[in-house]
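What follows is subunit A paired twice: with subunit B in the first complex and subunit C in the second.
Moving on to the complex of A and B:
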């Protein structure tokens, strides 16, 4: 057991290092000069002043150092929890900017991922036993799962926001309010949250339902299900076993899908101008703010890795076969 | 008489049409008797086993009666058949290696199965049965993957016979085992009969030499029909049907050097049951076939307990 988790942690550690390195590289080798764009924004006309500002910014962001030193310095700062200073909202530290966005992204991701998984599995399991339900769940599921996140998001925004006017189409809360803990503000938050949540939830739902339906049908035809039927066990018991076993690949699927789901959430946030990490990434790219970009990516990588690790642990808890594989079979 | 099957017909529904897997099978199994059921693959022996307990979705009961202890078994009616399953008729399946739910501890699974059939778990009885097949009660706390193949096989045997069924169908129970464990499993099955756990048994296999060791009577099937049924000793030593003779001849014998005498197989293959030929179905492969074989030979009792379906017997 310890060896298993040791190996897993090593793999996750390596992934983290590689991700951080790539993450550091991409913005730096991207075309464009962030300092130049900051200077342009400052609209200073005297050449001396421009030179002075350029020198100041360059040393502030450490661009005057050799690349390898920037890289090492990056790791050093990272370990101290220092992601640098944002160029876009200069001089706010990147960590502060990200922390302001993370709650929104998490509030969108966690419920939509978990709920779509749970509801999708239930729906798929029901579809596997009722012809009528199967004939509706399956095509609807295929359509939903094939829908691009942003397209469904746009459709929902148009239908429920613009045409019906039931929900706001942009922002995390009304522009007229300031964040506080009053009931009104929380309701306002929920009101803005509903559409982005719905689009994420619906797209993911279809995939889970189809996967579960197929797995359940496979399990219901397995040997243990046949044996139990031959011994006259009621369908209820057999279905319970089948569901329990069919959920296992779905858990693996969840781990695999996590990256896709995060990407989907980012795009959805952009559609709804939701103040989460996705919108932040867009802003960072538009402003060539590579500290912010790095910080956000890092956060996402960290989030996906942690979530995968949690799923690994869950899998070990629910599937005895993985446990036996770790300990070596005792015959 | 424990089991009486009369003219049982079961067809498979396929896209190409009806496959007549069982085409008028009649036989009896006496109290305390083990009937060995042998034949090459596709002859209908597993279909017969399944028909007596649970038909799968493609199987159709076309005709014939099955009586167990004087009561008619509604083999064609899945719902009405259910009360008989496990209580009266039970099965040790071909696939014992994977017959248990892989994610449940065995003890818990047995408990849940019994409760679902409305029977309380009798721990002492279970322990005694495990002891009977040489398993320790510890296995109940394990997952199926933690058991060896032979252990799984014996565990399934214990589960299947826990409610003391009148008839036990053992379907190819030894096929997946190595030779050293085959004998053990076969004797354990015979032990169930000897201890009165089960009243009678149908032992389905393609291994005639193994059947001979535990069966009282042997029935040979070919292409959905019974060709010969006789006491085990008679089948092996004095078979009358040409198919049985060839089947016995194709078995290797200990101490015979086959460099001198080539082991004979049976040339050709069984006919398609989608549209079976009229007359004797073994005709095309039979060395003794003659004109009359174009008519179907009746099953004739040539001496008490010895039934043969051949014009030349």
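Moving on to the complex of A and C:
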């Protein structure tokens, strides 16, 4: 057990170092000079003033140092939890910007990914056994997974937001209110959260349901199910076994899904103008904000690694074969 | 102006059709309960802003409000200058005059001395009195090299608070035109707080709790908004007999123009200063939206879009070629096809309609240009650009291949379309132009270094004087990196001297200004360092559901520019707020 987790941790550690290094490299190889665009935005035309400002900002962001020094400095600052200052929302520290966005993204993504997984699996499992359900859930599921996400989101925003006016089309909460601990505010938050959540939930739901349905049908036709049935085991029991076996690949799928979690949020947050990490990434790229980009990517990398680690643990719990394998290895 | 609507146009059209069908032309879309729930319930909760007293705006802020520092005129939160901090004067583009604001009066006591009498009884929002010392201090800050108006001190010798009400500015060179520009653009900051700040904090400070003289105070802000609350003890109420009507202003940071459009239609937004293509259909339809003009071009003009050729490269260094290029551009096609008449074609001089009085029609008719494909071909041939290999496109004079690229930022869909249109009409005349769409930052870098053939630019807004326009055209010396002006790297000492001459004409000497402008206009049109294309609009769409009496060309309506854009609050934006009326009463 210890060796298993030790090995996993080592792999995750290596992944982290590589990811951080790439993360540091990418913005620096993008075309364009962030200080130049910052100065261009400042609309200062006097050469002396421009030069003074350029020198000042270049040293402030450390661009005047040799590249290897910038890299080491980056690790040093990182370990201190310092992501630098955002260029786009100068002079706010990157960590502040990210922390303001993270709750929205997590509140959107975690429930939609987990709920769609749970509900999708249930639906799929039922669909595998009932003709009526199979004939309805399956086509709808296919349509939902095949729908370009962007399109569904825009349709939802337009239909429920603008035409029917049931839901707001922008923001994390009403523009007329201030965050406070009241029921009204929580309801308001939910009101703004509903549409983006629904769009993510719906698109993911179809995929899970289809996958689960196919898995269950496969399991129900496998030898052990036939054998159990021949032994006269009740149908309920067989289905329980089938479900347990069918859910394993779905867990792997979930782990993969968590990996693209933030990418999914990106489009949602842009369409619904929801203030999360996704919109930050877009803005950071557009404004060549190295530091913000690094910060958000780092956050994503961490998130993916942690999610995968959790899934590893879950695997050990739900799949006895993993445990058996580890016991064999240590024995 | 940043992200342009791309996919939304067809969707919008479809959506509008749907609305048109269901609503049968009556008012569409019931009010969204999100942004505008029942006012009665709102008043019970101090955290909720009553809809009928709140103005929702967008189109200025494109990200979280990052700082409240009025010296950072380019990225401080909307209203930092104009609503919270104020300037000595405002400028009225319609009358072409400065109106006293924090100053009660200002005048030249002799040729190089300007004296400002400040308004008595004005208080900072922390209760301290506003005095002449604050003014002297603010201008004194410019001595720091990194302050945006540092350059002022090249010709300003001294500034002194003579007494509590009087400030005396002494100049080594009196640049009257530029000085007026400074008078209504420099936000005055309180000495008693700012004198304690380091240079670093003055330039880069967030200024979390701004203390200004203005009619509003920031009451809260978040990633996607800033909320301003009216100060009921604002000095202007008595001194100017003015009061901005909205008790609260919520400035929404728009991540995209689509979202602005959605909010506007949901009646969650009152004033959108975003570029919304196709808005003409919404104004014509019964959607409760208005713009300044009921008919094309719908908007006031805010700046000129130019085609800037890089004059250090062949063949753009040849005047004859530049003129042929200008003659080949079919601007009308861009105005109608790309913009659907939301903009106006520019006059050859490119001077904004608000500067019409300075345009010398004689010069324009003599040296101006207009679209004429046949003539463009002729001009090319006459200048020695011939099609030697028979592909229908001309070659360089030395016979080498002539192929130009025209860059505009990726994602600015209207400019991308315009660039395609320019390339197409260029090809018809025989000039090989290829549109290219680099990322915005990459474009800024190329543009700055002079690493381009042709670029479209519009970075000069309307101001009190054509001086700023010609400064953009002719500023010298050309630097290694050109940051804001003269991207085409055009060098003409005589023109730059004439710009200085214009600067030294007194601002009440209209005839003198006309004479100086006329000379510059002649050089511009004879040399064409930049080619004026169209006037970009002062994008402003307002909803009449909560506030009415928006500025408009209609009789009896206010004529101020309805804009929250940075530096526009002093040019009528604030005054427009004072003219609003609640729609309910």
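Assorted remarks:
Keep this in mind: the second predicted complex is superposed on the first by the 327 of 331 C-alpha atoms of A that agree within 3 Å, B and C clash if a C-alpha of one lies under 4 Å from a C-alpha of the other, contacts with A are read in each partner's own complex, and residues count from 1 in each chain.
Throughout what follows, a contact is a pair of C-beta atoms (placed from the backbone, for glycine too) under 8 Å apart; a residue touches a chain by one contact, two chains touch by 3 or more.
As the structure is a computational prediction, the values presented were derived from the model and not from experiment.
Touched residues of subunit A, counted separately for subunit B and subunit C, are more numerous for C. Contact with neither subunit B nor subunit C is seen for A:87 once the two complexes are overlaid on the shared chain.
Of the two partner chains placed around the shared chain by superposition, subunit C is the only one that A:176 touches, whereas subunit B remains out of contact. When both complexes are overlaid on chain A, the residue A:144 reaches neither subunit B nor subunit C. Within the complex, the subunit C residues that touch subunit A are 2, 7-8, 11, 15, 18-19, 22, 28-37, 42, 45, 47-49, 51, 54, 56, 63-64, 66-67, 72-75, 145-148, 150-151, 203-206, 220, 222-225, 227, 250, 252, 254-256, 259, 262-263, 265-266, 268, 438-442, 444-445, 448, 459, 471, 475, 477, 479, 481, 483-485. Those residues of subunit A whose C-beta lies close enough to touch subunit C in the complex are 30-34, 36-37, 39-50, 52-53, 56, 86, 88-92, 97, 100-101, 154, 157-158, 161-172, 174-180, 182, 184-185, 188, 191-192, 270, 273, 275, 279, 283, 286-288.
Interface residues of subunit B, counted against subunit A in their complex, comprise 53-54, 56, 82-87, 90-91, 93, 95, 98-105, 112-113, 116-117, 143, 145-148, 151, 156, 159-160. Residues of subunit A that touch subunit B in their complex: 222-224, 226-234, 236-237, 241, 244-245, 248, 318-321, 324, 329-331.
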